[in-house]
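Listed after this line are the structures, all set down as structure tokens.
Same chain, two partners: chain A is paired with chain B first, then with chain C.
Up next, the complex of A and B:
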């Protein structure tokens, strides 16, 4: 049993790390059940009244619906555009291929604040009003590079040969894409869709800059926070967290299943 | 006039700095099993791609069933390809894979299913139509790829090293099956391989290729017994080459000057000039050993037996020749009771078995 001490130390160290990462979230969730007016210790008892309050707050529910709409819509567009650009770059001889690939992935390195400001100025000049659509476009801008990178990485030469076989058997180009390429890339498409959803779902800064009357949930939470802390903000924060967890879980499920098969 | 399945005329194709096909012309008769044989880089796969429509050659034309197909897309050609990596559709069932070509041709669902079943029966995979490709072994996937390509009734089936990924035993078995399936469906098969045993076992016609050119083409027996070039003799089976020069030319025969002495051999179809460098090619089983000079035999000197390899039905011995260090005869020796390592063996060959060829490189 000479190794007991290092073992104990490792366990302590790992626990400390996980505490550091998850304690804030745990506290947030815990005090969303607070049976009292302040989300601070002591915990006076457990209650679901703040969740009820969230459910009865029409502005919050509306913002939640808005967020889901923007997340689903922008993710679908990002996956579609990402897939098409990946297909084009992987399968055809294009001029300045390396440069085009770099340009497609470049927005990954730009901060959301810069992208949001850039879009705000552009939309102002073009006369596009602040709206959920504008925020959705912003989310496509940040998620397209991600979708492209994920899908492009999954397109192999072996698949190119499978597409060749389909053409050889008489498939037209659109049939190759819809019947062969997209179904073969299904796991990558699914993964990039859920990852985009996750990022769009809790994205704040672009939505904050580009929406006005109809806002997304993170923006609504921010305006709630301005009027002070209260267990309702914890409750809605917990809801946001729970939905993110579900999205990440779905993503893992797809990726893991795919890995096991290959 | 017999119809030609494929008539390729003066095909040339260069990749950057590398000539894959150098003015190749070739005809493939309808309903035969043709094998393109050559080492990697010989242009055999490029030629198959040109016939299949995956590559438009820089010059030359391809006629399939008498119609110009040089620039026609693969989908519009009466050819289908069995790919080396099978290229099955991983997300579809075996049945859907085999029926894919018919689906693209607008054939109804019930009819497609029937045809797919018949095709799977043909390749010995009846009942597998509900499975997915990843549930099958390599040999089974190979059969599915074959059934899928045959389901659309192509007039020419192209097989790109189809047995390359299989183990030896399965290869030999699949060779026999491929040939019997070809007999049954009557489709013209063109099969690319670098395995000369496979080519001999399976081909009605073998086309031997090297450096983007056709070295020889004909029946396996003809190419083995009377190869047209030095390369063809060395690539199709084993052969020993004795270098020499032409001393004299007469009708139908040449007199050669070799380190083993001068002798006359039939000259075959090629024309020779006095002084030209040639080689005499002798197969291991065509060497006659011992002191048995006689009519119709040429003396090839003697050599000391250096190594012996046991090949089951016989031994293969490699000799150090006494008169010519560059001549390394590989001789078939008896299974038992023959000479041993270090023994000196006198070599002879029948005039009709030794082949004179223009020397290469």
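Up next, the complex of A and C:
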């Protein structure tokens, strides 16, 4: 008996926390199928009409396309810049390396609100209009430090030896980078790309500050919130959740496979 | 060999810089410069709708003069403190159960499940809590159903709702950092303490807890930083009775386009975060060892 009580308590406690964690998501998804005008109990029946409403809302679909474009574009730039800088700092003798690393990772320590505000005020002063491009620039700022840190941590001496061998065999520097280093670091590149995608995909405040007419999905959802509780918001929220899960699953798959191999 | 020392063999070796320069320039142009612009603008004045270059601390003084700015900072600090404490208290036993009671091969799945809603859209998650806590929402209907209350409770649009929304997010975060710390502990510490005659409570209090302090502190710091700087959760869930700092800052930008005041308030908030960082610093190592 003495051994069962802690186990029972543990199970009860863990179940309670799992319930707490899943409660809002479960309610969100369940009432996205509500066959009625309000996403609150009672559930009047299941229907897909709110998903249809999302699909027919051209602003939401446009925002979704915008979000994907910004996420893919900014993540590609972030991974490219992160990879090049990680390679440069790991492989060459450069002055003030510590300072350069500190500068590259500095945006991690500042809140998105302040990064977005800084860009807003700067662009405003320069007369640069609000746009998706401006939001994308902000997303590169927040994701570049992550990409750099992830890729830099994967640069090992073992790879440096292989790169050296390639150089001895007559490869030019750009050939070493594209044909030797990048393929060897492929899991790190992939992981940082998808991590950037998920962060950019979900980012709200920078996009909110820096876009106006063409907006990203979180900003469009934000303006939907003004209409109060609405099953359509549930439906679009569930779609966003599903897409995020797919992204995380892909990331998990690659990281897992990589771990097993090593 | 083009590694260290290779630089002298050429006249001007721009090669290595070509790799590092794009990232450095990007960070300078779109992070450092905007931040400096913000600092400069925080010293400017807004006359009518125009910004006038001047050098004045008036915007910073407003923070202490105008009651509602100062109040917003106090609110933010209170909410952040409550959220951080509650999240640690809820997450620690949970992380401990996953690390100690769940069979090893299931731990990863238990953890992935525990942080799955972490990946829902942040805006949507706050909205979901609005659904759950609304007057005729799931929680109130359940309470009415089992007869615990006679009238629906005013849960949404209050500080309670903001705290619940935050705690939901940060329990997931802290479970991760504390779990990572717990599984690193060698079982030998516990065995040694038990051999020396310590009971389970003393082992936990004097051995396990101090050893997991780094995990708690890293999570607590992340919670503090992300919580005090967040606009979405209080804006969606908090109602109109009290405002937090990010809401006040956004009000200056949105409704009034008062960039100088907004910048000054944001910089004051950053100073608070920096002070907190210095307080947490002994437990946190951002750099690789």
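Quick note on the criterion: the second predicted complex is superposed on the first by the 260 of 262 C-alpha atoms of A that agree within 3 Å, B and C clash if a C-alpha of one lies under 4 Å from a C-alpha of the other, contacts with A are read in each partner's own complex, and residues count from 1 in each chain.
What we mean here is this: contacts are C-beta pairs under 8 Å (C-beta built on N, C-alpha and C of every residue); 3 or more make two chains touch, one makes a residue touch a chain.
On a predicted model such as this, the values are computed, not experimentally measured, just so you know.
Student: Applying the document's definition of touch, where does A:184 land relative to chain B and chain C: first, second, both, or neither?
Tutor: Touch status of A:184: first partner only.
Student: Looking only at chain A, is it chain B or chain C that touches more of its residues?
Tutor: C
Student: On the A-aligned overlay, A:129 touches which partner chain: chain B = first, chain C = second, or both, or neither?
Tutor: A:129 contacts neither chain B nor chain C.
Student: Which partner does A:158 contact after superposing on A: first (chain B), second (chain C), both, neither?
Tutor: In the superposition, A:158 contacts chain B only.
Student: Of the partners chain B and chain C, which touch A:169 in the superposed model: first, second, both, neither?
Tutor: After superposition on chain A, A:169 lies in contact with chain B alone.
Student: Considering each complex separately, which residues of chain A are in contact with chain B in the first and with chain C in the second?
Tutor: 164, 167
Student: Which positions of chain B touch chain A when the two form their complex?
Tutor: Listed in rising order, the residues of chain B that touch chain A are 52-54, 73-75, 79-81, 83, 85, 87-91, 100-101, 104-105, 134, 148-149, 152.
Student: Where on chain A is chain B touching in the complex?
Tutor: 158, 161-162, 164-172, 175, 180, 183-184, 186, 261
Student: Can you tell me which positions in chain A touch chain C when the two form their complex?
Tutor: Contact set of chain A toward chain C: 7, 10, 13-14, 17-18, 20-25, 27-28, 31, 39-41, 80-82, 84-85, 87-89, 91-94, 100-101, 103-115, 117-122, 124-125, 137-138, 140-141, 144, 148, 153, 160, 164, 167, 173, 198, 202, 204-205, 209, 217-218, 221-222, 225, 229, 233-234, 236-237, 240-241, 244-245, 247-248, 252.
Student: List the residues on chain C that touch chain A in their complex, please.
Tutor: The touching residues are 1-7, 15-20, 22-24, 26-28, 30-35, 37-38, 41, 90, 93-94, 97-98, 101, 112-114, 116-117, 119-125, 127-132, 134, 136-138, 141, 168, 171-172, 225-226, 229, 231-232, 236, 246, 249-250, 253, 259, 262-263, 266, 269-270, 273, 277, 286-288.
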